[in-house]
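The first chain written gets the first letter, and so on, giving A, B, C, D, E and F; residue counts start at 1 in each chain.
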Amino acid sequence: MNLKKPVKLLDENGLRTDGRRPDELRPLKIQVGLLKNADGSAYIELGKNKIIVAVYGPREAHPRHVVIPDRAIVRCRYHMAPFSVDERKSPGFSRREIELSKVIREALEPAIFIEEFPRTAIDIFIEVLEADGGTRTASITAASVALADAGIPLKDLVTATAIGKIEGKLVIDLNGLEDQYGEGDMPIAMMPSLGQITLLQADGRFSGEEFEEGLKMAINAIKKIYRVQKEALKRRYIEISKEVLESE
Amino acid sequence: MNLKKPVKLLDENGLRTDGRRPDELRPLKIQVGLLKNADGSAYIELGKNKIIVAVYGPREAHPRHVVIPDRAIVRCRYHMAPFSVDERKSPGFSRREIELSKVIREALEPAIFIEEFPRTAIDIFIEVLEADGGTRTASITAASVALADAGIPLKDLVTATAIGKIEGKLVIDLNGLEDQYGEGDMPIAMMPSLGQITLLQADGRFSGEEFEEGLKMAINAIKKIYRVQKEALKRRYIEISKEVLESE
Amino acid sequence: MNLKKPVKLLDENGLRTDGRRPDELRPLKIQVGLLKNADGSAYIELGKNKIIVAVYGPREAHPRHVVIPDRAIVRCRYHMAPFSVDERKSPGFSRREIELSKVIREALEPAIFIEEFPRTAIDIFIEVLEADGGTRTASITAASVALADAGIPLKDLVTATAIGKIEGKLVIDLNGLEDQYGEGDMPIAMMPSLGQITLLQADGRFSGEEFEEGLKMAINAIKKIYRVQKEALKRRYIEISKEVLESE
Amino acid sequence: MNDKSELIISKIKKETILSLLRKNERIDNRGLEDYRKIQITTGLIGKANGSAIVKLGDTTVITGIKIQIDRPFPDTPDRGIQIVNAELIPLASPIFEPGPPGEDDVELSRVVDRGLRSAEIIKLDELVLIPGEKVWAVFVDIYALDYGGNMIDAAALASVSAILTTKYNKAIVENGEVKITDEQIPLPIGSIPVFVTIAKIGDKLIVDPSYEEELVMDARITFVIDENDNITGIQKGNPGTFTYGELIEAKNIAIRVSKKLREHLPPVHSE
Amino acid sequence: MNDKSELIISKIKKETILSLLRKNERIDNRGLEDYRKIQITTGLIGKANGSAIVKLGDTTVITGIKIQIDRPFPDTPDRGIQIVNAELIPLASPIFEPGPPGEDDVELSRVVDRGLRSAEIIKLDELVLIPGEKVWAVFVDIYALDYGGNMIDAAALASVSAILTTKYNKAIVENGEVKITDEQIPLPIGSIPVFVTIAKIGDKLIVDPSYEEELVMDARITFVIDENDNITGIQKGNPGTFTYGELIEAKNIAIRVSKKLREHLPPVHSE
Amino acid sequence: MNDKSELIISKIKKETILSLLRKNERIDNRGLEDYRKIQITTGLIGKANGSAIVKLGDTTVITGIKIQIDRPFPDTPDRGIQIVNAELIPLASPIFEPGPPGEDDVELSRVVDRGLRSAEIIKLDELVLIPGEKVWAVFVDIYALDYGGNMIDAAALASVSAILTTKYNKAIVENGEVKITDEQIPLPIGSIPVFVTIAKIGDKLIVDPSYEEELVMDARITFVIDENDNITGIQKGNPGTFTYGELIEAKNIAIRVSKKLREHLPPVHSE
């Protein structure tokens, strides 16, 4: 945030270092159900980000003292592979990963009908294979799809992106360079159909007006991502249907 | 103990670096019941030492395997805040803190009627906010008051101080400088009315006679501290009585 | 393995740095039952290696979730004392010690009638007091004797040694120097009477023929070690018998 | 605070809180945008470079600052170091368990750290002695002493107050050698952030939730506000949600309330 | 994988596996010496110096390589550093538990490390920049993504493939200073090991056990084989046993099978 | 040894110990001030600079000493380093649990460390090679092998014996460079401490409690005594108490007994 910028983040045409317009998302690809062991899984590529998510559950919760009698517990483990970043990361959990595991869990839990699965655990495992800005929001986007793939009833998908501020201008979906040298970063997750925001963080500096405008931009972008999520799930259902038909 | 002394610890008038006589305690202040959540609490200032103690219990003991069928278990956690000492201390528990947690617990437990509270736990949490020599003894003095404040029946208060040796002479209640550059340190805790000594440690070098004389000096000083403890508890009871009366 | 050799490991007479022939074991001494608390124990000296093994069990297994309803669990903890090696080792468990604890356990477990002791634990504690090449195999040799001393019914003893390759030639029972500068190391454990191999590892480089020849050499050496194990146990039984007779 | 929701709050009390709120009233008679009583004591800890104890209603928290010379991080050779560490110790509440810092401690540390850092309250680029070699490291250690709700705001108040009143020995560099002088100087201060936490209970937004209110709240959101009404940090917490409208309202409340809260801070470079 | 034996495999399936094996058949129609379908993708991870995802039947594993300048170990001042770290993360299977690496992770790391090291696939003595001061450190990080049996061979295939396709920036030493250039070069490669794991079920030896086969196997043994049919590593696992004859047979199978397995590897210094 | 009190000792045995003590007799026929049989073997561990195995009745403990060059602690640039580490490993008793060192291990390490340090048995100021840069570090590692009571005295005997018989390679400093020579020299020895532990059972004070006596004792106290009958360390343990009179008596016993105990130590600079 406070470092000297090595480059201009917006060029004279208002385009970003990767050629995007301010309100343009990076290329996005979601693949559902690629893991065999997990009850649900998803793989997301957002720009250079590559993240895999597995969901297990609802399943027996242990150790016993974590069991909650009238609902499921949701657990989340966000981890970055050592080779996912520029400088090799130590394989253990950093404080950043511990915080993000918590906020991602809190962003997803509102979408889950946890009261339907008392005394069980729903485990969400996120492994970032390559990181380039926006891993927490891409993880949320992928994880809600994996939850759906696991057959867990959801109030809505959860869809996430980030608003950033570069060269004094609001942009959507910061990449790694923009995240590092920009003036602000505001990740947002929401249940798009319900209009409920489930995650909001920010650092950097935003005026009150920028905050309002940024939120609106994010909500627009989230609608686009939501479509990609739903299409990925549809492809998966067709795939499964075929398998079922073929096996008959 | 073995370091070169930067200063003379006793001046030509037999006074110490902080102006005290050899048998003189540092200014002592005890405040009881200042924490709302704890079942009992105490804050002690002894010279520059500032320590806060919370007592929880008797309460349900868990995990289960620690439960003792015919008495309460007493647990103690002595910790120094990173900013309490000259060089910032790492926030985790050092080996010193682990040992002191044990000896403080063993100094307090003899005063508690643990058989009256089978299958429960009594937890003593000590946080040293500023340290200047004698934190273990000040912690014991404060903790026994906090136990009383928690309404836990005690055989007696436990009162503690240290005998030191500087410039070949016995003194009471070492401060940090004397602790670092003195020739000996002997912390002592006792139940004053019962004449029972519950903690005794020493390092440095004492002759047999010095040991005997030091113990006597300590017992004298402990009587003075004992009065301060009782006065602090009395003030607290008056306070509570007032509150009760006012609320009626 | 890959380091420059400071010395020739085989001299012109085909003798090794410690004067041994290629197929010659180091001096071997096994002492049984020297520990009072352990249910079974053994001390082994193999060359400069000095290792002590204690066996506890079959005994109640806890925590509960490790219990297996139809057999005993076998646990093993191989540890090297900090002073056992040239450079002081940190006292905690290294990754090497964790792996060796596992392979040693898997080398011993096939010899134990674990089905006879459902819901119990058999604990094997190995402390290497001095190490000079071959501690894992010497540990296995000693541990199986300690298991027998504990009165645990065994299908056979487990006996172990290592084949090495120095100056292109196969030798038995590598010492520390040969281990460090040789071209290959292949530890082997077996139940000699049953002809069952329970541990096999290798690193370095062996041809297929060397592998076969090495295995044969190892099996020969293992027979010699097996005799020493049985003699040690016999001495212990005579000792116990005497004690029993004397106590009557 | 994962376990907080499990703690028993009597059904009657819960009902009381909710039905009062429907009338825009709170159980302790506060207005919806009122903070509880705030008491800030600075400079208590002689061995710390700065310190502050904050009482915010029934919540008490202490921050101590230690400053020492350290090697800069390799990727920021020309900046000092700021490290924030917060611990929710079991002394402060039966809901805090012994053991190494958990996710609540880590979140608290990181939220306070980011809020201070975005505002640049400590001008880290002025804390360099020899670039790439020696810089000042500022350790901000936060300990909960009594937990009565709204830890973030109390911790932030304590940390900002401690930073504003910190003194340390000036160092000078002569011929590539660092010399510590006797002169006591304050930290170089940039903009000063104020943290405002708002809880959502039903459809109401309230400022500075007490512990009882936290037990019934759906979600919370913290805004960090600077002197010019800019937002220099946000952290939403708890598995509840906000609508767009609620967020705009919360932001406006936070900016409004931040001005009153700011009055409690000690003057810059005071003792 | 300590717990694996505890996992339930239906009695019928177990019987099926065993009775098929008596006829030298396997439940998935493979021959006894057949590997499952192998699929290797290299170069997926842009921020890694090398990477490979291997699918071996239902097992998926990723290896990423990072290379950076480090200080050599004191006892090997004139050699680069090779560090292998494998993690069986709970994402990959319900039998892997969260928490720090356990003995299975450690065994896997060490077996792969030794197999690579004995073959000298990475010529560590060519990775020295300033002896005793600066060398290249090669980090080989292995993560299980989906566990369907025979982790060792899959992890080794991924690691070897990643190493063979690794590129890093050439560094030159001028006047005792290390300078990183823009030229991308491959790692210096020695001999290339192939890991072949054989399971013993009853009196049968089978190659590349699936997870179901692992649940009924008595013992497993891994041979590491180089281009010249030399053995550069062995690791026996599980509390089962082998006879002398079985080991000779297993060794012969491993050498035989290694040739076919080797064909799947990417060409040296490919991308 | 936290759990020790939970261990079952038969009621009859407990009664026997107590009723014998009333007659000033002990269950193993010792006098109240008698140590159990002591056997000290030094120099067993060839790779250690010093070592000693002590058998004290049914208690067996080993201490090994390693000496190596290290950087001094910043606050003591002109002193060598002494580090004592004791572990009550589960090999030695069913009451010792696996896992990282607990409070009993830590207390034992620290009590032995302080007792050695106060006596200055190792003259640390003579172990400096280059002040502030390089000093000798002496590692004293203590392992329980068989636990039969009175670990402190056994551990201290082993440690003192190992220190007194330690040899290490003399180093010389030439032009600011440290050179290790082949000459083997002993450690510089100051005064030699002896640890005497006394248990209180009922109103009796007994020396060197066995494990069974520990199970019924109320409290224990250890005195560290030097050659001139000075006390160089005290550690009271267990949640029992002593009166002033009992402490004076215990001190006198300790001084008396220390003389006999001292005779078991190896001569200074012996091998």
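Odds and ends about this structure:
Criterion: a contact is a pair of C-beta atoms (placed from the backbone, for glycine too) under 8 Å apart; a residue touches a chain by one contact, two chains touch by 3 or more.
Predicted model only: the values in this text are computed from it and were never measured.
The chains touching chain E as well as chain F are C. Listed here as common contacts of chain C and chain D: no chain.
Chain B and chain C have CA centres that are 51 Å apart. Averaging Cα coordinates per chain places chain C and chain F 31 Å apart.
Distance from the chain A centre to the chain F centre is 58 Å, each centre being the mean of its Cα atoms.
Taken together, the touching pairs link the chains into one ring where each has two partners. Beginning with chain B and continuing to chain F, the ring of touching chains reads B, F, C, E, A, D. Residues 44-48, 51, 58, 60, 62, 64-66, 68, 85, 87, 89-94, 98, 100, 139, 141, 143, 145-148 of chain F touch chain C in their complex. By the touch rule above, chain B contacts chain F in their complex via residues 1-3, 68, 74, 95-96, 98-99, 101-103, 105-106, 109-110, 186, 190-191, 194-208, 211-212, 215-216, 219. Touching chain E in their complex are the following residues of chain A: 35-38, 48, 50, 52-54, 56, 59, 77, 79, 81-88, 91-92, 123, 125-127, 129-132.
Within the complex formed with chain B, the chain F residues making contact are 6, 76, 79, 103-104, 106-107, 109-110, 114-115, 117-120, 124-125, 221, 226, 229-244, 247-248, 251-252, 255.
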